[in-house]
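What follows is chain A paired twice: with chain B in the first complex and chain C in the second.
Up next, the complex of A and B:
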């Protein structure tokens, strides 16, 4: 248990560190939200300075950080200037959609890459393995922007799937079931784009680690005992081979979140991506900081899940054998 | 194996030479607009006309008709090689007006069609490639410089230095890169001259990326610093800086090269992504990212497939670099361990 406790404390420190880093960056920033207003002759400098003091932008860094921490404790995470509302509810209404996309993407990624990785390793050197290797290294090297734009072009050109938004305009009259179908069909393209990029990485890692485990004495012993091929691969080899891949989970979540930001903007999915991009363009600092914090929170959460899975998968962690080494 | 390596080198050199000499290879000025020819499809190269075969390819002019462009076959224009054309600056220094190929006025040769302002997409892919690839390489150099300095220092001195530096890397690694990139970009001014944007972009991308190389370098340094020859050099009175520079850095070089090959395409993609979002290098200067950003309109995306050319160029560049990374990895790193 102390293993998880240590991880939790570390995660908390990490979040505080990220928030401090964010505020240091705002201090470096030469401009602010009100710069664009200053160009407008109809708004007097007095109005702008009163607005600045209303949002606390004229205070020192430490005071601003203190205020932000207090509002974070009240679960507000600052105040968005552009939307004139607390940041947290704004983010949350969008984060649900991003989470939906990212978790579906992650599930699909594992569903695709576990069988492919194990299978390719089990038949290493044959046609299937070669084609998996070529396809995955090609997909890894193609940037996600290109995959997204190209797939979108195909889909829009031949009208394969509906794109843009989460539901159609006239979704009021639809039944619950029809709405779900609508959402699922619009989710398909972004999820596929995310899965393509992500599963290529995981397949490569999984294949390598399965190959390594297949060489170990215990697998040869199991083979000698006459354990069936499928049972050997998925019951004996996979749990051992999975643990390096599971510790990749955190990184793969990072990839998925970055990827989903991009994909959301390109496909018009109403998640965090478009919100953060708009906030960046309008220099709505607190909203941007909130978005970064939320993404860090997701990452930390994902890493904790990975730790718990490792705990379940790897008995050495449970008994503390790794720490003793 | 040797043939493979040789073709890899040819591809690498060819790619960079083409981009470096973009002004010479491109037939047009990348900024020159032609409002009569927006979204013109790629110019077709012909070898056969009504009467006979020609060894030298020729082109027709596009004319706007009621249903799109058609080839105006009244007059043909042969393609000239090594011919004069619009003036440009070779490598940014020398005034020159020689081009690899071109056609006589008033015809234009647009191998990859034109964009919404009638600018030649081929010339823009080349000059945009200069910006994007240069940004990727510069950001990589920056990230590797910072990463190797911090990594060597952390691994060499250990203890508190090591822990605080590695804590910092964890902070940087715990954020999804695109969120981080957008965040940092949000705090910097939006409207800048292209040159300053370029500098800023490289700095931002490079400084976000230092953490991973720093960790990898540290790992190698940790094992290198207790090697016998390092200990011996230390016992002869070698200073810390001397030991790091002369004995530890060479151990890391293989890793740094491999990392460079891995990071360059990733940072090119980062620049492209930012410019795609309108946060990077702005018009009228071309970059692969801002060229692709016109495709955010579905109507453009659907109708003008040739505007995907920068994406194709990006794929080619990334694939070449990732093959390079694989080759370097298997040659340099496995040999040393």
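Up next, the complex of A and C:
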């Protein structure tokens, strides 16, 4: 079986495992969607139990999971109790925005991290390296939520950027270009928050990896042959040091997605974050499970892309894959 | 050349304004029986943006349960008889008048002639009969269905003629006309098909095209942007006119912006992105008050709300549950003097000061000062007294050890936990203050913050709690919605749920009084009966009442006719009358 095939089967098992855990945890969580109605003295318990049975909440966990799995195989992730609508279109309408934010964040993260990591390693021990190390240590140790709230407070205080939402209310009359600018300006704050948190990790990994390669004999030989500094770093050192960084890509995509859910809630970005949070708080179980499965799918996809890239870039993995056959 | 450029710019601007505006209101015609809204005046135009906590979940008025959906739907729909949020009295809406039979069981409603839904289709008795058929259908499971079932029997609705409808109640029901408030009349021509096909629950979701949704409210759906906003535009056929005989509403558009937390709402308000916040906490109210000079915002403190926060002890029958630890403590909770002592030791003024920043009112009964029509002002308001509390405990055979710890008659230390919702910071603060107050009596109290639904689950289902801080009320001012709280068989009889027989003479008396007030049609007699209910509750303390917050709201200075009320929806109940002032009008209003 091919390397890729094995990875795909593993991913499928992982997704089934995640879905089982989702159902178990939602079963363990106290309360249900209709509990809030109990606070309304005008709604009878009979109405509440009738509503519970309409949405299948009175069925056993195994029955509910079996039904859900059957429908999930046909790309139907269940029915949102709150929205009275299928889960998939609800998630997709928000997932587009989350993906836009996460991909932009990821691109920016790598654009910042690669030169900074390589540069810091090349100037190891000097002022720049020290500054990068201090800054990245700080950013790694400060929780993303604190960075987000602090930046949000600054932006609101100084009114530098529009806060919340993706488009302004009068966007109907705007040209495509103006609309794009509007989205970009509203996306800037969440993107910066995501980039700051994630690039700190990648810079540190890349720096360590490049430092390791810089000590190898082939780099010393290349130096002796008089190859220019930039060419040496980006043409010869970076491809060798890229292996661990590429593995990080998969994790960083997953990290950005999970991180973006939090940042979306704080910054009011209309992505999956606020939807899943609201669904979790209101116990809209199928929407929560759908959201988690979608995030898991993104994570598995990200790791798969990273595996494929590693397979293409690193001959050692190709050999390992051949050996394993 | 310059002049041509200016002219072009002006034309462009005017075109822009025209494009942005909603549909123009139809001129009132003599065939329409329109409602004249008293002294209301204003002028057309503008978009009002309201910051909200979340997005609505549905636009279907029959199945909507969440507050946000109901707030949006309420602006698109209308009922037959409405409760005026300012006066708290009923007033004609789609029914221009009604007659009640002498026995109070039969209501004959005269509908307005010539009025139309927001898609231009005429409204008549068939729509009313259809609407009630849907609300009362067991297969639809509308949360409002229970309102229309009295003594287990549904009310009957018959069409007398095209503009007359008759309702027959299974038995006399005081203030029955209040039942009609909030029951939106549905367009039969748009919804009958989905109802007959058994797909009514799926109808009018957020993704339904605006052209397929029509109502009789002041606005109609224009646009829904997932996760961001719902935009409503003027209903050009709305059935109310102002003092100048101009058709309402004044606003071109009403936008609900989904912002998130209340802090985020305040942030967007300060940034000028929203023009109104319907309900503020005292912290945010005071924050905006400090910036009043800069922002010139219209801050409104409408006084105490109808909501009551209370501490409840678990007195449920736990014999079938494995909750021995809780059951052992129930002998304290069932002791009236113990509850009276707890009540006497709680410093309600501190709660109002520290939790609501003085923007609230202390409570000693279930009806607060905000409900002027029904509050029993004779209920005593004793000041906090630790000495009185100690006396009460002593007379109930409690004692104290040398360390000052309170012991029961068997020498067991009095220690219990209070659960409350962790997402409600105000109730968390109350719990902490009560913990401190009761420590002066030698009681050891633990505050256990739990997720909101976990609290509900414990209080209503598992009974796995000792005491809880919760809130009820806030809906209608009338006593009838409280039936389920105070009667023995009531579903919100929280201190002792699923009680088959009244556990004590005072509970039996409350049952009788509540049933009696429900069939008494005379207000004065009802008030006497309900006063006695309030008195019994205050004396026997099944709940220990704490405080009620004031209704606080804010609007941009340019919002005209901003008159919040203590009944929900606090600020948008008169959305049809709100208008955008010109800068000169705003300056004059200041």
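Here is the rule we use: the second predicted complex is superposed on the first by the 319 of 325 C-alpha atoms of A that agree within 3 Å, B and C clash if a C-alpha of one lies under 4 Å from a C-alpha of the other, contacts with A are read in each partner's own complex, and residues count from 1 in each chain.
The rule is simple: a contact is a pair of C-beta atoms (placed from the backbone, for glycine too) under 8 Å apart; a residue touches a chain by one contact, two chains touch by 3 or more.
Everything quoted here is computed from the prediction, not taken from an experiment.
Asks: Looking at the overlay on chain A, is there a clash between chain B and chain C, or do the two fit?
Replies: Here the two partners, once superposed via chain A, clash with each other.
Asks: Quick one: classify A:275 as touching chain B (first), chain C (second), both or neither.
Replies: Touch status of A:275: second partner only.
Asks: Kindly classify A:143 by the partners it touches after superposition: chain B alone (first), chain C alone (second), both, or neither?
Replies: first
Asks: Going by the contact rule set out at the top, does A:187 touch chain B (first), chain C (second), both, or neither?
Replies: After superposition on chain A, A:187 lies in contact with neither partner.
Asks: Just checking: does A:14 make contact with chain B only, chain C only, both, or neither of them? Give me first, second, both or neither.
Replies: After superposing on A, A:14 lies in contact with chain B but is clear of chain C.
Asks: Determine, under the contact definition given at the top, whether A:151 touches first (chain B), second (chain C), both, or neither.
Replies: neither
Asks: Taking the superposition as given, does A:283 touch the first partner, chain B, the second, chain C, both, or neither?
Replies: A:283 sits against chain B and chain C alike.
Asks: Could you say whether A:258 touches chain B, chain C, both of them, or neither, answering first, second, both or neither?
Replies: first
Asks: So in the superposed three-chain picture, is A:84 touching just chain B, just chain C, both, or none of them (first/second/both/neither)?
Replies: Touch partner of A:84: chain C, not chain B.
Asks: Just checking: does A:44 make contact with chain B only, chain C only, both, or neither of them? Give me first, second, both or neither.
Replies: After superposition on chain A, A:44 lies in contact with chain C alone.
Asks: Thinking only about the overlay and not a real complex, which stretch of chain C clashes with chain B: 423-431, 495-503 or 567-575?
Replies: That would be 423-431, the one stretch with clashes.
Asks: Overlap the chain B and chain C contact sets on chain A and report the shared residues.
Replies: Residues common to the chain A contacts of chain C and of chain B are 29-31, 156, 163-164, 265, 281, 283, listed in rising order.
Asks: In the complex, go through chain A and note every residue touching chain B.
Replies: 14, 17-18, 21-22, 25-26, 28-31, 137-138, 140-146, 149-150, 152-153, 156-157, 163-164, 253-255, 257-259, 261-262, 265-266, 276-277, 279-281, 283, 285, 288-289, 291-292, 295-296, 298-300, 303
Asks: In the complex of these two chains, what residues of chain C are touching chain A?
Replies: 16, 19-20, 47, 49, 54, 57-58, 60, 63, 65-66, 138, 141, 143, 145-147, 149, 201-202, 205-207, 225-229, 231, 255, 257-260, 264, 267-268, 270-271, 273, 423, 451-454, 456-458, 460, 470, 472, 475, 481-485, 490-492
Asks: Can you check the complex and tell me which residues of chain B touch chain A?
Replies: Chain B reaches chain A through residues 167, 170-171, 174-180, 182-190, 265-266, 268-269, 272-273, 276-279, 289, 292, 295-296, 298, 301-302, 305, 308, 311, 314-315, 318-319, 321-322, 326.
Asks: Residue numbers of chain A touching chain C in their complex, please.
Replies: 29-32, 35-45, 47, 50-51, 54, 82-85, 89-90, 93-94, 97, 156, 159, 162-167, 169-170, 173, 265, 268, 270-271, 274-275, 278, 281-283
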